[in-house]
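Okay, got some structures for you below.
Look for chain A in each of the two complexes below; its partner is chain B in the first and chain C in the second.
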Partner chain A sequence: MSILHIKDLHLGFKTLTGHVDVLHGIDLDIAAGEKVALVGESGSGKSVTARIVLGLLQETRTARISGTVQFDGQDINAMSARDRAGLRGTEMSMIFQDPTSALNPMFTIGNQFTEVLRRRDPKLSKAASHARATTLLDEVAIPDPARVLGAYPFQLSGGMNQRVMIAMALANTPKLLLADEPGTALDVSVQAQTLTLIRDLVEQNGTSVLFISHNLGVVREFADRVYVIYRGNIVEDGPTDALFANPQHAYTRALMSAVPRITGAGLPEVPEVSDDFLAPRISHGGAL
Partner chain B sequence: MTLLSLNGLTKTFETPTGPVHAVSDVTLDVQAGECLAIVGESGSGKTTIANMILGILAATSGEITFDGQALSAKRSAEQRRRIQLVQQNPLSSLNPKRSIGASVRLGLDVYDIGEKSGRWGVVEDALDAVGLSGDMRTRAPASLSGGQRQRVSIARALACDPRFLVLDEPTSALDVLVQARVLRLLNDLRVVRGLTYIFITHDLAVVRNVADRVAVFQSGQLVELGETTQIFSAPQAAYTRQLIGAVPVVDAAELNLRNKLAEGV
Partner chain C sequence: MSGILRLLLNRLGISLIVLVGVSMLIFAIARIIPGDPARIALGPNANAEQIASLRAEMHLDASLPVQYGHFVADVLRGDLGMSLYTNRPVTQDIAQFLPATLELVFLAGFIMVAFGLPLGILAARHRGRWQDHLVRVIALLTVSAPGFVWAVILMLLFAFYLPLFPIAGRISDIYDIERTTGFLTIDTLLVGNWAAFGSAVHHLILPAIALSLSGIGQAARLTRANMVETYEKPYIEMAQAYGFFPSRIARSYAFKPSLIPSLTIIGLDFAAMLGNAFLVEAVFAWPGLSRYGVAVILRKDLNAIMGTVLIIAITFLIVNIIVDLMIAFLNPRIRYSTRGAS
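So, the complex of A and B:
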């Protein structure tokens, strides 16, 4: 069964000069325990899709949303704002691009953990929360968790903050994790460690992941299945191996050809933006 | 011919908890017309070296020679205009309140380059060289796409008629299609204008395709320096192999190469 089922999702914004359409009927499914990537360039609609799943854009008065978004069998768009808020941080959680700005600079890591854990269990004592946080930090391979719990985000490195964010996001064993370009703000080697860590933990817990990225290499290493989004339309989707071995859509091919390779061969000739990029969706199957 | 040389370049910052050795005893030459990549993680000293070359920071010890002349942080306008910078994020490096044209022109006024009456012409030529039309000069940075803004940053550097560009992660804020176009532009400009580049990045796949030589830094020290083809066929330092091992790859040939080079890490 799908943890996330998105069908014919449309999004538009009311602006001073009229109406801007951002998503033109997105279909996307994520099975339990599946790691799915949504790949596209800036402005393609990947982050707004995540914000709709989290129930955040529904609170924006200028946003016009239609279509189906089912999370674990419940229709997100039909829920009250309060119920949607109840899902965040418990049943679904998010890892952001830049860990240092996503953590609150005014509170210690320990206090932020308590806040997160109390979303699931409001009566959790401070001592119990610290004990649980210590275990969680241990799982993300943070040495000396006691010191880190007493520290403020600025006292930790970017890589450490990223691990703290991962531990917090998974603290309440959510069914769905949304990861928006995790590690892009970090060095390559830290980014690689971060991805391995997220993958190990979600596989261990059976958590489903919606992974948002514009980096094809990272997507290839992380995801089971990939959706390619271009200007608010899904243009191609399929199992990661099939899609990378045999990209069919003009836009996917253009993206692949533009990635510099460590095998050399010089800078690629980049095809100009063409009408073919807007051709209908090609599916390699593999979804539920 | 050597255009720029660093000789025993060292930068130490004094902090309340003791000295931090940001750059330690770095010696290397940059040949005229080459693109030298500087790679390494955050804190490896990449940007500190760039800042010393640009004259933003004074070296603690060691010397920088440019075109046969010693360069200190106190340098003439003539020396300054010849070494220009392109930064990572064009949205924060361009003044949002200044039109594109005014940003590109600023260097001409500051360094007093050429006749005043001819300066707008220089601005239009610089915009033209990066593929932007001259009538864009009245627009604000906010009305441009990321790729266009980065082209403006490059035009701003070119307007001063530099010989040497320090490119600090010039494409890492850009989408892959836009990145490929900007990299081609930089490559073409280098050939056409006879420029010399220092290309700072942690994206090794980009390095493989744009640089002639690679300098690998770790904790402020130069750990490996070599031809790009040599670094990507037989890396010597364990740290270089570790960096290559972390590159995300998209096809089987790359995967094989990466696994081969990263062996033993």
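So, the complex of A and C:
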């Protein structure tokens, strides 16, 4: 069965001058243990989709959300705010773009780790959480966990903070991991390590992933299936291999041609808007 | 040398320079304003010889730099001269009046922090909702009227129409407490007189609230503004994404990083209460240093003016140093600055 089932999801924001529509009926499914990527340019609606799944946007009073977002059989939109908060940090968790700014500068890593672990087990003692955190940091190949737990985020490198965040995100063995352009703020080699690490861990735990990115190269390496989103619509979707072998939609092709080549053919021209981009959705199948 | 110790020495050095500057400035101003201090001191019936001899005694005939030199030498010996107004050494006057003011200012500062910060946190947590609007209206109200206006209003409401509190003074006349520290709340406890302690606290409440109200508004607005900014930070979204309780996010994750920029201003507000206390003390007939300061300025009592200003400047600087140290202690970046990144 699917862990995440999104059907006809609409999102709009009430503004001073009227109403802005951001998502125009998104359909998306993630099976248990499946790694799914949502690819699109900035402002295409990929990050807000993740925030709706987490139940964060539902707390914003200007947001108007309709449609179905079923997580593990329960409709997130129909839940109370308290129940939604109950799922966060336990059944689903998130990895952020810039690990160093996503960790609170006023608290030690150990302190923040304890808070995360107590989401699952509120009565966890300091010593027990320290022991558990040490094990988890060990799993993400952090050399000296005790020192890292006593450190503040600004004392660690970006790559180190990234590993800490991955360990935190998977600490409570969530069913779904949302990864919002993880490592984009880091340099390329660290980013690659990060992705390998996430892939290994989620495969080991059987965690489903919704991977949000604008980087097709990364997506190709990481995801089982891909959804391409453009201006609040899914324009193409399918198994990664099928979609990359035979991109059908004009926007997907433009996006693929926009990946800079190491051979140095210069940056390709991608039009801001094209009528072709608004063509209807193309599906290569592969979803449950 | 640890970072904190270096910071402390640095701030002490700067404070000393500021103090010298302040003393020169007030010294010059006090001598530029018209009127002969010796003539004022001796009164209308004094003859020319008496005035001349007092002028000589006060070094008033020497040049300004020489006069300043005399002044500094005296201060270093702990001698602030005689007050022409009370006819006592200025140090003795200050020792008597300063504790009364500090007692008032400390309580007012405590009230400011104890109410201002939580109100700010509440407003920031519910930003854009009715709690926020309510706090902002209250804050604006308290900020826009000066302390002495609140003093009069509070006195009318809670001492006159609704006599819950005494109208004036520091303690009821029926108690005769031995002055050890000059702080009545401490002295009454030292002699173990609980009733007198109660009376001293009772007398403190209204003037302290009057003095603190604009500070409460200021602290609340500042805390709210800084926290609203912090709420936009990725680490707050992260805390929300992990389902931490909103109250916990507000009190801990959002408040702590916001406290540092607020603290500098709150420290200054606290020190500024010494000055604001002038009129509040006048309204409540509070025998403090501020009231003494007004009296001696009106009488052009040079030594007393210099002494009062010097003490207020020193208090200001001490508060600033304490605030700087608190910030250093709260901010791990400063606390560990000497350890370096690892």
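By definition in this document, the second predicted complex is superposed on the first by the 279 of 288 C-alpha atoms of A that agree within 3 Å, B and C clash if a C-alpha of one lies under 4 Å from a C-alpha of the other, contacts with A are read in each partner's own complex, and residues count from 1 in each chain.
Throughout what follows, contacts are C-beta pairs under 8 Å (C-beta built on N, C-alpha and C of every residue); 3 or more make two chains touch, one makes a residue touch a chain.
Just so it is clear, the structure is predicted and the values come from calculations on it, not from any experiment.
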Three-chain arrangement built on chain A, chain B and chain C clash or fit: fit
First (chain B), second (chain C), both or neither touched by A:R88: second
Chain B versus chain C as contact partner of A:F96, first or second or both or neither: second
Which superposed partner A:V259 touches (first chain B, second chain C, both, neither): first
Touching partner for A:G110 - first (chain B), second (chain C), both, neither: neither
Contacts of A:Y152 with chain B and chain C, given as first, second, both or neither: second
Touching partner for A:E221 - first (chain B), second (chain C), both, neither: first
First (chain B), second (chain C), both or neither touched by A:L56: second
After fitting on chain A: smallest Cα gap, chain B-chain C, Å: 7
Common ground on chain A, meaning residues reached by chain C in one complex and by chain B in the other: none
Of all residues in chain C, those that touch chain A in their complex: 128, 233-235, 237-245, 253, 256-257, 330-333, 336, 341-342
Chain A-touching residues of chain B, taken from the complex the two chains share: 41-42, 146, 175-181, 183-184, 187, 202-206, 208-210, 229, 232, 242-251, 253-254, 257-258
Sites on chain A touched by chain B in the complex: 41-42, 158, 186-192, 214-218, 220-221, 244, 254-256, 258-268, 270
Of all residues in chain A, those that touch chain C in their complex: 54, 56, 61, 85-90, 93-94, 96-98, 101-107, 115-116, 119, 147, 151-152, 154-156, 168
